[in-house]
Amino acid sequence: MEYFQFLIILMLSPLIQGIIRKLKANMQGRIGPGIFQPYYDLIRLLKKDMVISGVTSWIFKATPYIVFASTAAASMIVPVITTKSPFDVMGDVIALIYIFALGRFFMALSGLDAGTAFGGEGSSREMTVAILVEPMMMLSIFTAAISAGSTNIARIAGSGLLFSPSHILALSAFMIAIIAETGRIPVDNPDTHLELTMIHEGMLLEYSGKYLALMEWAHYMKQMLLFTIAVDIFFPAGISNGTESLALASSFGIYIVKILFMAGLMALVESTRAKIRFFQLPSILGGAFVLALLSLLTYIMMSK
Amino acid sequence: MIAILLIPVITAIICYALKNHKLISYMSLIGVIILAVFSIPIITSSVSSPIISLNSILYMDALSGYIMALVILLSLASGGYSIGYIEHELKIGLIDITGVRRYYALFHLFIFTMLLVVVTNNLTVMWIAIEATTIVSALLIGLGFTKRPMAIEAAWKYIILCTVGITFALLGIFITYYASTAVLGTGGVLNWTTLKAIAGRLNPATMKLAFIFVLLGYGTKAGLAPVHNWLPDAHSEAPSPISALLSGILLNTAFYGIIRFVSIVEPSTGSNFTGNLLILFGLVSMGISSIFILVQENYKRLLAYSSIEHMGIISLGIGIGGVVGIYGALLHILNHAISKPLMFFSSGRIQAHYGSTKIENITGVLSSMPLLGTLTFIGVLSLAGTPPFNIFLSEFTILKAGVDKGLWVAVGLFLLFAVIVFYGMLSGFGKMLFGAGNAEYDNQKIIKAHYTGSDIFSYTIMVVMAVCIISLGLTVPDFIDGTIRECINVLGVR
Amino acid sequence: MKNWIQAFSVIDFISVGILLAAVAMNALRRIESCVRAYTLNSWLLSLLIGIVAFMIGETHLYIAAAVTLLSKGIAIPVFLRRIVRQMKITHDVEPYISNALSLTISGILVAVVYASLKEGIFVAGFSKNVLQISVAVILIGLFIMITRRKAVIQVIGLLFMENGLFLAGFSLTFGMPTIIELGILFDMLMGVIILGMFIIQIRRAFASADLDKLTVLKG
Amino acid sequence: MEIESYLHIGFLFFFSGAMFSLLPGQKTKTYIYILSSIGAAGFAVFGLYLLFTEPRNMFSLPISSVFDFSFCGDGISGFFILVISILAFAVSVYSIGYTRDLDNKGLMGFLFNIFILSMYAVVLSGNIITFLISWETMSIISYFLVTFDRDEKSAKAGLVYAVMTHIGTAFLIVLFMILYRYTGDMGFSGIKGLSSQIPEDMKSLVFIFSIIGFGTKAGIIPFHTWLPRAHPAAPSNISSLMSGVMIKTGIYGFIRISMDIMGPGPEWWGIAIIVIGAVSSILGVMYALMEHDLKRLLAYHSVENIGIILLGIGASMVFRSSGMLALSSLALIAGLYHTLNHAVFKGLLFLGAGSVMHATHTKNMEDMGGLIKSMPYTGLFFLVGSVSICALPPFNGFVSEWLTYQSLLLGFKSTSITSKIISPLGGAALALTGALAAACFVKAFGISFLGMPRSCHAENVKESSLSMIIGMGILALLCLLFGVFPGIVLTIIQPVSFMLTGSHGMAYKGIFIGISETLSTLSPAAILITMIVMSISTLIFILTVGRKKRIIYGDSWDCGIPWLTPRMQYSAAAFTKPVRMIFKRIYLPTRELKVSYLVKPFFVKSIEYSGEITPFFEKYIYDPVTGFIHKLAGKVKILQSGSLHLYLAYILITLILLLIFGT
């Protein structure tokens, strides 16, 4: 079972997306599509023909595979329901972030490949956001890693951390990082194709059919992966340390609850905040960086 | 030894008597070659043991031999280079046949005076010889050769300043004589050998005074700042082969006088006095010249300031003293005497080609004349004190000597000035060497016209010098090393 | 012995005269008077050498005195006068600074010389004053060269320096071999002649013997 | 065979390569690089031997009775020889094709070979004088190579380079002189043996001077200003060598002096190096991001990567000062690993840039575009290089940066609060650097290779010749190899780190690398395999799921306007605009908008926009200093006013001063 825990992320990620959308719609007083809508979307896309710009090169075609494969590989590293993950020797949390970066790198390239202004704009903004997010994310993870004495996610999760001021600070920073990474309000608006506001969608503008399905799916997976990392690192309580099926089952239940909580949080944030101007991003992301920095400093001061 | 002195005089007379410029130039070349051939046995024997002749007026030891070897080598190079140079000047009408005769005659007289400086045992005769070099070379710069008023101005300043300076040197010599009378009882002496023997017993206060005058006097002649002012003018206005001689050895012969004097004064005053003065003069020279190099607009003047800098370095080396310091200084004399003439030769070529001595007027030498450009580049790097070229080695030796003595301030300033000089040299010559060749000057005909027989001869000389620069940068051959060691012995440095 | 002592004061007296002739240069306004001052100076010098020769009875010093008189006292002044006549220019000295200041600085120079040539330097003989005076003459000669605009005066300044030098030479080294003295003299004579040639050249090239024009080469 | 014979073989081939290039005849000269590549192979074997044997004296030759040449080798030299050889080999192969169109083939061949030899000489030098001579020879040859293209710009770049490097050398001379003064020895091994005699203050002075001296060569901020000028000016095969290995000799020198010879120092040394590394890496990559000249961009990335190397080395020094040798070894491994990696991928990128320039005759990215279709191999290899330099798995840059992260994180184990705080911040700096680098290479690759050709330069472009492709291919392969099999590289590096720290550092290797202190493991091979398996299964999934497999090729989305022109593409300037605005405090951007009207203000004839960033260090540090010096020198010039009277007055004044003070 522990060999296949990544399949949870693979299979359930569209569901989480659907739940967030549904919650968001409810909070905004709409009925909204059903929580399985993302699955339908994916199936619909997989059935369609593809229209590809003649300007593009092989990079454009390779990108969906690279993005999907890298996200899937990342999900193998992360312990979902048990810390006895057999694949975690592959890499640690730093490797994870860099595997994400690989996907982002190629996605940004594919944005430039078609030679349109939208794609370039999307790539440019995506990379800019990444510049602001990555150090902050790294720093907040450092706090956890240092206190656990390891960068291995399973070990951090297995160390059963208690909350401390520094962890709360780090968690807040990490949450902001997740918002930015998953392209949610107030950083990006996932529901729009208006060129002035879109970031993530801009890069995907030229994709269609199966490739778009892969890209979207990878995006859902990344979102769920980030939630999983957050719960693994910052509130790992309940995750199983063994492989007995009973423990796994309870662990799975707890996991689902945690993830749903995260999804609810996202929906809440998205519903209560407005999308902010792109050039105001540095102020909130910079603020998050300060939070992460403070978390590290408090940890060092308090451990002294 | 007397033959050596006579050969240039005879050559000078013959050159003046002849009427055909080709004949004169080859005669002159033959003259220097004969001189070289004759000098070899004398120099080698002088290195192993001192020679005294003519009622002990003439005297040669390793140091004299060393400097004489430089004089003769450079005379060869410069004599060979002169042929092409004068041919060119004749062709463009800057000089007539009378001028050619005068030029070669004075050229050989100049050699004679310099040889006289190094072979004499008597301080006053040495003084006379040095004064004679001033007169002869002033004529070479200013009279009957080029018809430009600037050359006259340069020669005038040169002769006035050097004569004034050297007057003080003679005063210093008189005072030395005076000091020696006290030691020897009745008549004093001016023979170097005798003075060296009694040096320890001379009155320190008197010798200090004498040294101040001599240092100022010969220092003027050697181009030490702040009494160097004639040097940039004279070097830049003289014909290139003469500039080479002036810079390569004339300065060194003046310095030879200082070195001799130091070895007399030091035993009585202690090495601190002479050392500090020399270090002071050395650093001031380096400092002033480095600044002038930085903002120089005329490449021949730039080279002249570089001579001042190198004289400063030599002075520093002598001042620091000790076996290593003197070794470095003497090695530096040799290295400078190769690199600087090469630069003057090549800049003479550049001047002939572009017709200007302004840096801004010249660009792309490397593109239009690759060989000349490369030679110049080697020379520049060498003069800027860059490894793997020769001058770095001697500079580093001097630095090491400075560190051995713990003279950190001197070492630090040395490096600072060296960096400024590097910047100045490279920015000046960089502008000339690099960049695209100017189309106007890139005329193939002009370039072709330059490779006549005598030009190939000049280039051969320059290439040989460049090879020396590189090989001396990598290793100092045993015979040179041994000679310098012997010189240090002669000076009595432990 | 009495003769000796007497002679001492005579030597001092004459050397003071040489110094005065040099100092007088500061006040002279015309080139001709400068040449005259130089002539006087040279005569005094050869007289002094003659007296020294008489004192120690060395023959070669007599020769030296005679040669000095001939070259410095007669030949060079004649040569200078000829140049001055050839130049056909104003015969003013054209100093850069006023006579008063010039004299003051000369006085300071003399004081500096007296102050810096201290007791310890003198090891033997009778020549303390003479050495100081000769160095002072040399410096004043140099000072004249610095402050006068005309090329001819430069040469005269130089000649004053040489006279000072000779004075020093004879006072310090009266046993120097004649051949060397002659050599020095010859050298200097050559120097002066060549300088003269240059003065004429300068006049030709720059249409003036004013040294202010000779500032093309700089930097 | 004797070990030295490989050295001799290597030397012989390079030397004969140099000599053959001087022979007349132009046609065959491109083949002398075959000799160079054989020579590099010889040196590589020699370097490997050195790594696994005891330090040895190769030979010494007398220079004069005061000095001699001495060449010694040990593990550190061996490692750097290997690094140089790897790149030299690939670049030699590349040069066969690259130099075919050069004007001055003979000179290039000569300088190329001597340049490589001089770098070997630097790392093999056994005493002060040998080091200085080799060091400056290297600088001078590279100076000559920078000015190889005879134009004003190269000449200026060369001058800045030569002068700065010479200033650096002056500091090195002082540094060596201090060492010599206190130990009385000129040989490195002798100085090392007696280094305990050097007082602590002096050691710190030596340390500071080594930062300045070697840092100038390595291109750390603020001594980097020569680098973005000089590297682009040189022909690309040379830029590749300069950026790939020449600046590493600065790292070598620093390790040799500050770690090997002087031994462990106080903690602040390491912290200083971490700070310098962080600043260099961030500012380096930030300036790179704003460059639209492909080679300048790469040159600034060299500044960045040197910073990353220094982060590792600094961490190593911190640990070493507090005696945590295993951690010190780990951090050093990180630094050296990145040294090797940077040589490989930066070499590759410069070669790629060279191919691009060779084909398009422009350095400006804004004039390129769409090259991946006309130059598929160059495009692929440049992409490999880009991915490697952005430290993305599974390529080599990732492994070394991962190790650097680990060692910086472990700074937490240090005893002092300063290093506890500084090292994770160094990690954050590294993260920022990584993100910026990724943005930068998305720009570099995307703008130059993707999209439509942006100007006539990029149309009708031909792929480079075979040897150039092979040269790049070798390096691209190595990027992957060193990334996937870190065990190989660790085998090479561990002797060096063991020599310097006495500890092996890493727990285990193979396809996994693991750090026992953090229980973290990494296996790029596993990541690669996983990704390949995933990609294949995705492909199968795509092919099997859904009905139709038809692909329709059309135009890009153009919002309905009739046609999309290349000028409507996102440009490099536009791509980086957000970053420029966000970090405007650092970039100090200036912009100029010129609008000319036909009828004001309704009919606009043309709009010209130009924007640039302020080169902070040039404008506010270097220019004022040089300006001041020049101004001062101009004032001093009055001393030589041409007035004879003044000169005579100098004589008088000098004399009087001497009389007063001398006697």
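Per-chain numbering from 1; labels A, B, C and D assigned in written order.
As a working rule, a residue touches a chain if its C-beta (ideal position, glycine included) is under 8 Å from a C-beta of that chain, and two chains touch if they have at least 3 such contacts.
Treat the numbers as computed from the prediction; the structure is a model and nothing was measured.
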Touching groups left behind when chain D is ignored (all other chains fixed): A | B, C
| item | value |
| --- | --- |
| Closest chain to the centre of mass proxy, which here is the mean CA position | D |
| Separation of chain A from chain C, taking each centre as the mean of its C-alpha atoms, in whole Å | 99 |
| Euclidean distance of C-alpha centroids - chain B vs chain D, Å | 44 |
| Chain centre separation (chain B, chain C; CA means) in Å | 31 |
| Distance from the mean Cα position of chain D to that of chain A, given in whole angstrom | 35 |
| Residues of chain A whose C-beta touches two or more other chains | none |
| Residues within chain B bordering two or more other chains | 156-157, 160, 164, 168, 205, 209, 232, 292, 295 |
| Numbers and ranges of chain C residues touching at least 2 other chains | 117-118, 121, 142, 145, 154, 214, 216-217, 219 |
| Which pairs of chains touch, using the document's own definition | A-D, B-C, B-D, C-D |
| For the chain C and chain D complex, residues of the former touching the latter | 96, 109, 112-113, 115-118, 121, 139, 142-143, 145-147, 149, 154, 211-212, 214-219 |
| Contact set on chain D toward chain A in their complex | 369-370, 372-373, 379, 383, 387, 390-393, 398, 401-402, 405-406, 409, 412, 417, 420-421, 424-425, 427-432, 434-436, 438-439, 441-443, 445-447, 449-452, 512, 518-523, 526-527, 530-532, 534-535, 538-539, 542, 545-548, 550-558, 564, 566, 568-571, 574-579, 581-582 |
| Contact footprint of chain D on chain A as seen in their complex | 46-55, 57-59, 64-66, 68-70, 72-73, 76, 87-92, 94-95, 97-99, 101-102, 104-105, 108-109, 111-121, 123-125, 127-128, 130-135, 137-139, 142, 145-146, 149-152, 155, 205-206, 210, 214, 278-279, 282, 292-293, 296-297, 300, 304 |
| Residue numbers on chain C that touch chain B, as the complex places them | 117-118, 120-125, 127, 134-135, 138, 142, 145, 151, 154, 158, 161-162, 165, 168-169, 172-173, 175-176, 180, 183-184, 187, 190-191, 194-195, 197-198, 201-202, 205-206, 214, 216-217, 219 |
| Residue numbers on chain B that touch chain C, as the complex places them | 122, 124-125, 127-128, 131-132, 134-135, 138-139, 142-143, 149-150, 152-157, 159-160, 163-164, 167-168, 170-171, 174-175, 177-179, 181-182, 186-188, 190, 203, 205-206, 209, 232-233, 236-237, 292, 295-298, 301 |
